[in-house]
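The block underneath contains the structure these notes are about, expressed in C-alpha cells.
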Amino acid sequence: MEFEESGIGEECGVFGCLAAGEWPTQLEVAQIITLGLVALQHRGQESAGIVTSNGSSPPTYTTLKGMGLVSTAFKPEDMLKLRYGNLGIGHTRYSTTGMSELQNCQPFVVDTLHGRIAVAHNGELFNAAALRRKVMRHGVGLSTSSDSELITQLLCLTPPMEEVDNPDWVARIKNLMTLTPTSYSLLIMHKDVIYAVRDPYGNRPLCIGRLVPISKLHSSGGGEGDTEGWVVSSESCSFQSIGAKYYCEVRPGEIVQISKHGVKSLNIIPRPEGDPPAFCIFEYVYFARPDSIFEGQMVYTVRQRCGRQLAIEAPTDADVVSTVPESATPAALGYAQESGLPYVEVLCKNRYVGRTFIQPDTRLRQLGVAKKFGALTDNFAGKRVVLVDDSIVRGNTISPIIKLLKEAGATEVHIRVASPPIRFPCYMGINIPTKEELIANRPEFKDLANYLDP
Amino acid sequence: MEFEESGIGEECGVFGCLAAGEWPTQLEVAQIITLGLVALQHRGQESAGIVTSNGSSPPTYTTLKGMGLVSTAFKPEDMLKLRYGNLGIGHTRYSTTGMSELQNCQPFVVDTLHGRIAVAHNGELFNAAALRRKVMRHGVGLSTSSDSELITQLLCLTPPMEEVDNPDWVARIKNLMTLTPTSYSLLIMHKDVIYAVRDPYGNRPLCIGRLVPISKLHSSGGGEGDTEGWVVSSESCSFQSIGAKYYCEVRPGEIVQISKHGVKSLNIIPRPEGDPPAFCIFEYVYFARPDSIFEGQMVYTVRQRCGRQLAIEAPTDADVVSTVPESATPAALGYAQESGLPYVEVLCKNRYVGRTFIQPDTRLRQLGVAKKFGALTDNFAGKRVVLVDDSIVRGNTISPIIKLLKEAGATEVHIRVASPPIRFPCYMGINIPTKEELIANRPEFKDLANYLDP
Amino acid sequence: MEFEESGIGEECGVFGCLAAGEWPTQLEVAQIITLGLVALQHRGQESAGIVTSNGSSPPTYTTLKGMGLVSTAFKPEDMLKLRYGNLGIGHTRYSTTGMSELQNCQPFVVDTLHGRIAVAHNGELFNAAALRRKVMRHGVGLSTSSDSELITQLLCLTPPMEEVDNPDWVARIKNLMTLTPTSYSLLIMHKDVIYAVRDPYGNRPLCIGRLVPISKLHSSGGGEGDTEGWVVSSESCSFQSIGAKYYCEVRPGEIVQISKHGVKSLNIIPRPEGDPPAFCIFEYVYFARPDSIFEGQMVYTVRQRCGRQLAIEAPTDADVVSTVPESATPAALGYAQESGLPYVEVLCKNRYVGRTFIQPDTRLRQLGVAKKFGALTDNFAGKRVVLVDDSIVRGNTISPIIKLLKEAGATEVHIRVASPPIRFPCYMGINIPTKEELIANRPEFKDLANYLDP
Amino acid sequence: MEFEESGIGEECGVFGCLAAGEWPTQLEVAQIITLGLVALQHRGQESAGIVTSNGSSPPTYTTLKGMGLVSTAFKPEDMLKLRYGNLGIGHTRYSTTGMSELQNCQPFVVDTLHGRIAVAHNGELFNAAALRRKVMRHGVGLSTSSDSELITQLLCLTPPMEEVDNPDWVARIKNLMTLTPTSYSLLIMHKDVIYAVRDPYGNRPLCIGRLVPISKLHSSGGGEGDTEGWVVSSESCSFQSIGAKYYCEVRPGEIVQISKHGVKSLNIIPRPEGDPPAFCIFEYVYFARPDSIFEGQMVYTVRQRCGRQLAIEAPTDADVVSTVPESATPAALGYAQESGLPYVEVLCKNRYVGRTFIQPDTRLRQLGVAKKFGALTDNFAGKRVVLVDDSIVRGNTISPIIKLLKEAGATEVHIRVASPPIRFPCYMGINIPTKEELIANRPEFKDLANYLDP
C-alpha cells in the first residue's frame, strides 16, 4: 500500500502483434493488440495508442490514440478504422511529469527517407539530455520532451540516410544501443517487420508469445507449424487473454526481428564488461501483474517467497497474519504459511475511492485513510495482528492503518515489510521521492515502530 | 462470480445527514453525504444525486444530479453549490431497465401544498402498477416510470391537502405504508426533518449513525451530548469514512424522525399477522460490503460462516481451497479454516476488463473468461483444488474457469457454492433471470458436475 | 442591437407534424420536425426536444431531448431512434431563469389514466402561481417550475378522470383555457391527434402548413387531395425548408385538431368582452424571422414600413442612412427609401464574438463594442450618418457605437429608433428589465442625445 | 454564396503580440492574442493555438491548443495558464485535408540547439514534397504532414547548428526563403523576438499594428513614444478590437523583427526577376473581412467597386438589385449605386443551418437550398431582379436560388457575378475544385443562363 500511495511510477506497457501466414490476414490484429493493452493496463492509465500496418510497400499505417484507459481512449467507431492490418504495435502510458497531453501519447510515428516507422517505448534514457543536444546539434528540432521522439530521431541519424532500396534499420538500432545502454524495452515497426529490443542491462521486461489455434492452446508441445501469429509484450500476463503461448523472453541487449518468416534473434549488444544485468526490482515488488513470468519465475511466487523469508527473518508472537490489500497479499500468505499463524482479512478496500475531488473541511480532513478501508472487526478484535505491507517508502500511510486497527480492537499490530527499504533515487525512469523524503534515510528510521505508532 | 456476471441487481443506496446543534451549521453536510454515497457506490453506479436544505421556513433546497459514479457525477465546481446546508439526502442508483436517463436520477423533489419534499428510495413497490392507476385516477399525470415519483405523488394523495400551518407528513407516510407493504427503504426530507422509513417486511436495509467529535470516535460509550449530527444509510460501512458511530437499525415497518431534537421512533407499521420479516438474502450473499452490519452481524462473518458450514456439509478430498475473486473470498477462507486445507489464490483478476467494447472476431470470441482472470499456476499445478463461488445462477460462468484451471495443471477442480441455488423470481425489485434460465430449474441440474465440466 | 443586447427573451418555438394517408407513413416525420426546429432556432437555443408517436392504440412514444442547438442536441445516432413515427411534436427552448437543465427541456410527457400525452408550450401563464396552488391543493406534487408541467397537470384535473374508452381531451383543453386566458401557444399530442391551441388573446403566434408533393409546392391552388401531411409551427418561416404551403393561422382562442382526417377547428374560446387581442409586439420588433407572416403581413415589410414612417416622423439633414446590423436593416432601408438618402453599410459584424469568456484586464475593458463591430470607414468618413436601431431599452449599447463612428470620421451621427420606447414590464413571459432600468422612465430620457453622446 | 458553398479554403490566420516597455509587462498579451484570433476567426474554425513567452533567457514558453472555435478551444481555466507573458504568437486553422487532429494544430514549437522556437504559418509551400525529402535526407523524421513542421526543421538545417552564444536566426530565415519562394506568411518567435515574414510573392497578407493608450487610439499622429506594444496579424480588422493602430504592411519578401526595441525591417528577399507579386485574389473576393485593409484599400470598397464596374460592363433592364447574403452585399450595393436601380433584400439567411446532420429521405432531399434561405417575397414579387453573387465556381448553387425567387414571384432573375470565372487550380494552398469541375471550363459555360435556369 505504501507503494501504491507513494506515486512511484513510470512503467508503461508495450504490445505488438504480427500475423503469420498469408497477408492480408484473417487474424484480428488490432483487436489482439487492444486486448493485450487492456491486460497491461496496470502499467499505465494515462493514454493509449495503436498503430497498424498492412505491411505492403509502401505500407499504409493507421493510427489511433486517446487519453485515459484503453476502453475510454478507443471508441468502438474508431476501432473500425483499425480493422485491417497485418501487423501493429501499441502502447499504454503512465505519466510522471504531469504533462498529460495527447501529443506525448505513443507510438510515435515519423516519415523518414527510409520509409515510415513507428516506435513504442517503455523506460527512460538515463543520458537523454546529452542525446537531445546531439540530435539538435545535427540540426533537428525536437517537438516533445518524450524519449520516444528522441529515439526516433536518433534512429534516423546514423548511418546517414541515402536513397537506397534496402535500408538497414538494424544497423541504426545497433547504433542507438551503443549511444545509450539503458533503459528501454522498444518495439519498432517498419513496413512488414517489428523489431523487439531490450536494453543491455535488461532493465525493463519484454517477452514473446506465439498465437496458436485456440483448440491447441493448452496442448503441450506443437511445432511452429501451427503458429497463427506472434505477439510481443511487456508482460506475459497478456498472453492468456488473447490465446497466445509463452515463447521466450527477449534477452538483455537483444534485437529480435519478428516477421512473416518467424522470430529471429539478430544480435545481442553486450553490457560494459563486469556489469551485472539490472532488471528493475520494482517489477517484482509492485508493478507487474502477479501472473506474469520474469526470468522463469511467476511474480506471485516471488512475492510469496519474500513473505516466507520475512517470517524467518522477522518472526513475532501474534495471533493472526493479514495484508494491506491488494498488492501485499501474496507476501502475507507466505508469512502465514511459514509462521504457521492463521491468515485472515482485516481490511476491506473501497475500490471506488479515487482521487479525492473534495477539499474536505476540518472535520473530514482528520479521517484520511478511513475513506479507503473498512475494518473487518470480527476477524481481529482482541487479537495480536501481523500486518504485511509490500514496501516502505515515505512511511506516512501505515500509521493511520495501525490506528484504525487498534481503535477497532486489535491488541497489538506488528508491521512487516516484504521488500527492503528504499534508500536511493533511480536514474532509469522510476520517479522515486527525494532522498530526504525516503523514511529509510531519516532519523526516525532508527526507532520506526515508535514513530509510526506514537 | 456467478452473481456478479448474472446481472442480478437493483439495489441502490440512500444516505442522509442532519446537523445537530445550532443552525446554520459548521458541519460539512454535503461533503458527508457525498462521502457516504462513495461508500455506498457498490450498490449502484449509474447515477447519483444530492439534495440539501437549509431547514428554514420556507426552506431553500439545492439539488445536484449526474450520471455515473459519484466522482464523475459531482464536479468540484458543482460541489460548491451544495456547500451550505443543515440537512440533506442523497441517492446512488443502479439501473435495471436500461432506461439510464438523468430524469430517473434520485432524489425526486416536488413542490406540494405542504411545502417542498425530497424522496430517496431503495426498493421496488410490488404493486406499483395498481398504485400508478390509483394516482392517475385521481387526476395526476406521471412523468417517469420510477417508483420514487409514484411514492411522492402517493404521499400527496391522502389525507387531502389543505392550507394548514402544521402539515402532518407522518400521517401521509403511514397511509403510504398501508397502500404498499414492500419493498422500500425511504428517506423523505421536509423542511428541517428527515424521515427514515423501512417497509414492514424489512426487505431493504437502513441504519442510523451518530456523528461524534473525531477525537471521541473510538472511545466507548459517550452520551448523546457529544452528537455533532446524525446520518442514515443503507449500510453501516459508510459510517467509518465520515466519522460516525453505529447507532441503531431502522426496524421493519418503522418510521424514524431525525431532527435537530434528535432521533425519534414515531411508529411501527406491522406486517400482516403471521408473516415473517423478509430481509433480502442477496444482501448477505453479494450486494452488501463485507464490513457492513445487518441484524447485529458483520456481513463478512456471515459469508465466512457459510463457508465453514459448506465444509461440513460438502467436504471433499483435496489439496488446496481457493476463491473466485472477490466476493467469494470470505466463504473460501471459512471453508479452508473448517476443512483444515490450505488456502491459496489461484486466479488473478484484471480489474480493467469492463464492458466489452470490442465485437470480437471468431478467434477471440472463444477466449471469454481469460480476459478477466489470469491463472496463478504455481499455486495449484498438480494439485486438487476446491474452488468456492458465492452463488449459482445460470451456471454459465464457472465452466470456463474449471477449464482454465485444468488446462493450467489442476488435477481436480471441486466447485462449492456458498449460497443455496436460486429457484424463483423476485417480486421486490431484484431482477433475477427467468425461471427457465435458472440452472436450478433445468434438467442439467441433476448432473451438474458433468454439465459444467463435460 | 439594443434589443439583442438587452437580454429580453423567453420566446421558444413549437413545431408539430402529422402524416396524412396510410400509416405507417413513408413521410420522414421526425426529420421534418427537426428541420422545422432548425428554422425556429432563433426563438431559443438552450435546449431542444422531439416526441414522436406511431399513433396506434396504445401508442408508442419516442422521446429525444438535449441541451444546446438542435444540431448539438440531436446526435445522428439518436435520430435513428426517432426514425419511425406517424406524428410528433417538438420544442426549442429559450431560458429566462438561468435554470438551464435538461429536466426543463420540452415537450413534457406524462402518463395519465386517459393515456400518455405530450405537451409543447410557448408562452407564460400570467396566473401560474395561483394555478400551481390549485393543482397542489388537489394533491399533486410539481417536480419542476415549468409551465409545461403545470399545464399538463391542469389538463388531468378537470373533468375527473374515469376509466372510459373515449376520453374527451377537448373538454380538458377548454377547461384549461377558462382557467388561464394567456399566454400560450400549445401543441398537445395524444395518441393519433395533435391539438394546436392559441390563447384567447393570441399573444404568441401559431400557424398551420400543408405538406404537398415537392413538385406541386409552387403551383397555386391544388385541393387538399394532394396533402402529404400537416405541420404546425410558431412561425411560417419554417414551412419553406420542409416543403410546406402556408395554410392558415390558428386564431386567438382557437382549438384546432390535426389528425389523419385533416385539420378541424373545434372551438374558439372568447376573450373577456371588450378586450382586444394582444399579439406580442416584440415578435414584429425583433423575435420573429423577417420572412415569417403574422396577421397576413410579412415581418420584414412591417419593419421596413416602420422605417419609412420614422423618416416621415423624424426626418433629418444628413448624407447617408445606415443600420446597426442585423435586425434594424429592414427599417434602415425603409428610412432610406422614404428619405431619399443613400443607404450604406457602416458597421461590419464579427459573428464569432459570443459570450465573453475572457475577464479582460483594464486595457481591454475599455474597448467594449469594438470586439463586435468593425467600422467600414470609407463609407461614412466625412459624412453625416443617420443610424437606425430596432429599439431603445436601457440605452447603454448605442453610445459606444456613436463614439466608434465619430472617431472613425463621421461628422454627425443621428440615431433613429424603429419602435416605441419600452416603458413597462410584461406579465406574459417577456423578461423586460425593471422599470427603473428602462431608459424611457429615467430622467436622462428628457435629454437623450446629450446623454448618449456627452 | 458560390464561394462559401464551394469548399474553397485553406486560409488560416496568424496573430502575434509583443509588449513594449518594461518586462514583465502589465499588458495582457495572451488576452490580446486571443481577441486577435477571434477577429481572425473567419479565416479558420478548425483549431486554435497560442504560445506565449516571458522573453527571458532561457525563456519559459506556455502553450495552449484546442479544437474548434477560439471560444471552444480555450477554456477560461486554461486562459489563466497563459496569463503572464511578454510576447506570444497564435494561430487559427482551416483544414483542407480533413485530417483535423490536435497534432496539426499550430503554432508548432520545437527545441533546437539554438533554443526553443515557435512557428505559426499561413500558406502552403508549393515545393513541399521536394523539401520534405531534403529534410529527411539530412536524417530527420517528420512526425506530421504539416508545412509548419517542415518549415521548422528547414530553419534548423542551414547553416549548421553550433553551440554559440548569439545564434543567427535571420540567416536561417533567409535560407528558408531561398529554398521556397511561396506561399507563406510566417510568425517565428524566439526568446524575446518575433520575426514576421512574408513570402517574396506576397501571396498571403500580413500587417503590423501599434498598441497605444486607449485614450489616444483615435487621435491622429502620436509618436512611437506612446507605444504600449506591437501586434502583427493576417488582417487589420483585428486591430480595432484590441485597441491597435494600423502601422504598416509587411512587404512581399520582407523579414521584420519585432522586439522591445521596436519594429525593424531586416531584409527584403526579391522575387525572380520579372515576376510580378501574386497577392491571393480570393482575399479580396471572399476570404478577408470587409473592414480589413490590403495594399492601402479597404476590402469592402474593393468589392463595392467591383459591383459598380459590373453595372457598367453588364447592365440590364430590371426593377431591383439584390444580393446573395452575405459576402456579395458590397458588390450588390455598388451595382445598385452605379445602375441607379433600388437595392432591396430578397433572401433571408438562416444562420443556424450548419453541417447537415440528417441524411434526408427522398422528400427532403429535393428541398436543398430552401433550408438555408427564406424568400422575402414582398420585396420582389412581380419584379425583375438583378441578383449579384461573389463568384462562380461549380455553378451548382445558384440554380436553386433562381428557382426559389421565380417560384416566389420574381418575373425575371438576372445573375451578375462580381469576380472573374475561376479557370485554373492553385499551387499555393487554395484547394480549388478540379479543372473539370469548374463551370468556366465546361461546355455548359457557353450557354450558362439556360444551363442555370433551364
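The first chain written gets the first letter, and so on, giving A, B, C and D; residue counts start at 1 in each chain.
The working rule: contacts are C-beta pairs under 8 Å (C-beta built on N, C-alpha and C of every residue); 3 or more make two chains touch, one makes a residue touch a chain.
What you see is a predicted model; the values in this text were computed from it and never measured.
Enquirer: If you check the contacts of chain B and chain C, which chains show up for both?
Expert: Touching chain B as well as chain C, we find no chain at all.
Enquirer: Approximately how many whole Å separate the CA-defined centres of chain A and chain D?
Expert: Centres of chain A and chain D (C-alpha means) sit 47 Å apart.
Enquirer: Indicate the whole-number Å distance between the mean C-alpha point of chain A and the mean C-alpha point of chain B.
Expert: 36
Enquirer: Which whole number of Å gives the spacing of the CA centres of chain A and chain C?
Expert: Those two chain centres are 59 Å apart.
Enquirer: Could you say which residues in chain C touch two or more other chains, in rising order?
Expert: Residues: none.
Enquirer: Between the chains shown, work out who touches whom and classify the graph as line, ring, star, complete or other.
Expert: Topology of touching chains reads as a ring, each chain with two neighbours.
Enquirer: Chain pairs in touch?
Expert: A-B, A-D, B-C, C-D
Enquirer: Residue numbers of chain D touching chain C in their complex, please.
Expert: 27-28, 31-32, 34-35, 38-39, 41-42, 45, 69-71, 74-76, 79, 214, 217-218, 228, 237, 240-243, 289-291, 298, 300-301, 329-330, 333, 337, 342-345, 348, 350-355, 357-361, 363-364, 366-367, 370-371, 374-379, 407-408
Enquirer: For the complex, which residues does chain A have touching chain D?
Expert: 102-103, 108-113, 117, 132-133, 136-143, 149, 152-153, 155-158, 160-163
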